[in-house]
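There are two complexes below, and they share chain A, which is joined by chain B in the first and by chain C in the second.
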Partner chain A sequence: MDIERSLQAALRPVDPPADFTAGVMARIAREQQQRRRARWQMPVALAASLLVAAVGVRIVMQQREQQRIETARQQLALALEITSSQLNGLQQRLNRNTMENGI
Partner chain B sequence: MSLNLISLAEASPDMLPETAAGPPAIPQAAASLLNDLQAAQRGEQAAFARLVRAHQARVFSVALRLTGRREDAEELAQDAFVQLHAALPQIHSTAHLLHWLLRTISHRSIDRLRARERSPRLVQIDAMEHAAEESALDPLWSRRLRALLAQLPAAPRAVVLLRFQEDLEPTQIAAVLDMPVNTVKSHLRRSLEWLRAQQALADQAGEQHGH
Partner chain C sequence: MKRTGFLLMLALLPVLSVAQAARLRLPDFSELAGKARESVDISLDGDTLKMARGFIGGRGNDAEFADAVKDLQGIYVKVFSFDKPNMYSMRDVDSVVSQVENQGWKKLMSIRDKTDRVEMWMHADNNDGGMLFVATEPEELVLINIVGKVDLQTLSRLQGRLGVPMIPGMPGIRPPTPPGVPGPGRRGPPPAVAPAPGVAPAPPAPPAAPPL
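Up next is the complex of A and B:
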């Protein structure tokens, strides 16, 4: 028999398993669901990241403000301490002068 | 074959044959495929399922005869249809759809076959088509032909399959496989010569056995 006709006869299409189409449609439905979920997940993840970043920035700013206040408080305390010690020195000198002059 | 029907349905009206009743006749199957394609592109899942059913045997058979394994063929054919669903907006005709499917399944099956050929080879030829309908041709000779085909390397095997299973012309095969037309013709000629030689050897052996 002619080999070309034999090949055409031998190579008739073979049917896939009976549930093939159902399998394809189920996979497509699954992938669409995953894509939909991914479409929602992306903005949600972005919003969550922005929120975390905003909260982080606020915390850092608060910490810096706290640090600034603390530094100012310490500087004021030091200034008051210096002023107080100078006033004490002045007081002692005044007392000494008063005693020396017998006033 | 159906590729010709589809091309006919999508040709410009003046190229279609005039009928006595009036406007040119569009083959019903091709028109229905076109309707299903357009409906599937609008998102109708039932229409896409009909497209799958219309093409699944051809796509599955190419994968089965290239890879030689039913489970690989089923997986690859399913992948091809899932990919097709995502690519639907780019498909502009039913001929394009068939070309797209044959191209995708051929390339993927050849890749799978080549990947497997790098590892120790398992030939499962007989098991792969026990469910196939046998034609009027001698079933043993059909089986032997398919077994011989499975011994060809990936590229010539794909060429022979697309020529004799899908009835594609060498230029169409060249477009599907991304191969020069002369390479396709050369694969075809050499494969047929080899198959004829194998047939002659088998006939000789049969005659000797008869005496």
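Up next is the complex of A and C:
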């Protein structure tokens, strides 16, 4: 008997609270928004990665170009230094010969 | 359209060939570089020169640097220093010299003695310009080919002013001698100086020879 009463009490229909529907709808809306945001997250992250990669490649290329220019400049300086040195050596030699030959 | 392009190419051909006339075929010395104690092999063509020229400043020593390279279209330098004499073949040197002889270059200067040979040739066409410098010693070989207008006076002033570190034993670079002091002595008797035909010999103005 007691069991019967207890069951009746436990299974008594209970009305949902007044804000139940609003809460469910709000939750659905929130989940939809999250899903929408998640849909954009991947492409945005991908685009950002690509941008970072592109900027990185550009920086590396610029550095290499700079290095190439600097190497060319140093080679040019060395080439002219050698040329100048050889010309001056020739000049000195001519001076020496002029003096030695007593011209 | 194709025909116009072809005609344009034909019209430009002489110009292009004249511009390249001062560029000489230097032998491939890669094997020689392996035998050398020190070597320098620099090949700067027009494009590379243009790129390097764009980054040379316009003040102080850089201004002279810029001035010296403004009309250059190419510079090719090969220097080899050896521990032992006779490590290179004079045939390689002669193959370069024969090119300038056949192309009507002017021999500006020639010094020869038992062991050494120094020759300077200039491209006959002054508008294009070009220079070949050859210096051979038993233990050193220097070949310099410059394509483009060459101002020898500006070039000779550049030594020690280009920011190249003076490392003892650097091939092809001799320490500058103070003005008025003759250069370091060399082996053997004084060499015979033979100005090239058509080039005026040094005027009698002792003690110094005229600037190059």
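Simple rule for what comes next: the second predicted complex is superposed on the first by the 94 of 103 C-alpha atoms of A that agree within 3 Å, B and C clash if a C-alpha of one lies under 4 Å from a C-alpha of the other, contacts with A are read in each partner's own complex, and residues count from 1 in each chain.
Basically, contacts are C-beta pairs under 8 Å (C-beta built on N, C-alpha and C of every residue); 3 or more make two chains touch, one makes a residue touch a chain.
Owing to the predicted nature of the structure, the values given are computational and were not obtained by experimental measurement.
Once chain A of one complex is fitted onto chain A of the other, the partner contacts of A:R27 are limited to chain B, with no touch recorded for chain C. By the touch criterion defined above, A:N88 lies against chain C but remains apart from chain B after alignment on the C-alpha atoms of chain A. Residue by residue along chain A, chain B and chain C are tallied for touches, and C comes out ahead.
Looking at chain A, you'll find no residue that touches chain B in one structure and chain C in the other. Put simply, chain B touches chain A in their complex at residues 45, 48-49, 52-53, 56-58, 60-61, 64-65, 73-74, 77-78, 81-82, 85, 129, 131-133, 135-137, 141-143, 145-146, 149, 160-161, 164-165, 167, 192, 195-196, 199.
Put simply, chain A touches chain B in their complex at residues 1, 3-4, 6-17, 20-21, 23-25, 27-28, 31. Partner chain C is touched in their complex by these residues of chain A: 68-70, 72-103. Taken together, the chain C residues at the contact with chain A in this complex read 40, 42, 44, 48-49, 51-52, 54-56, 65, 68-69, 75, 77, 79, 109, 111, 118, 120, 133, 135, 142, 144, 146, 152, 155-160, 162-164, 172-174, 176-177, 182-183, 185-186, 190-191, 193, 202, 204, 206-209, 211-212.
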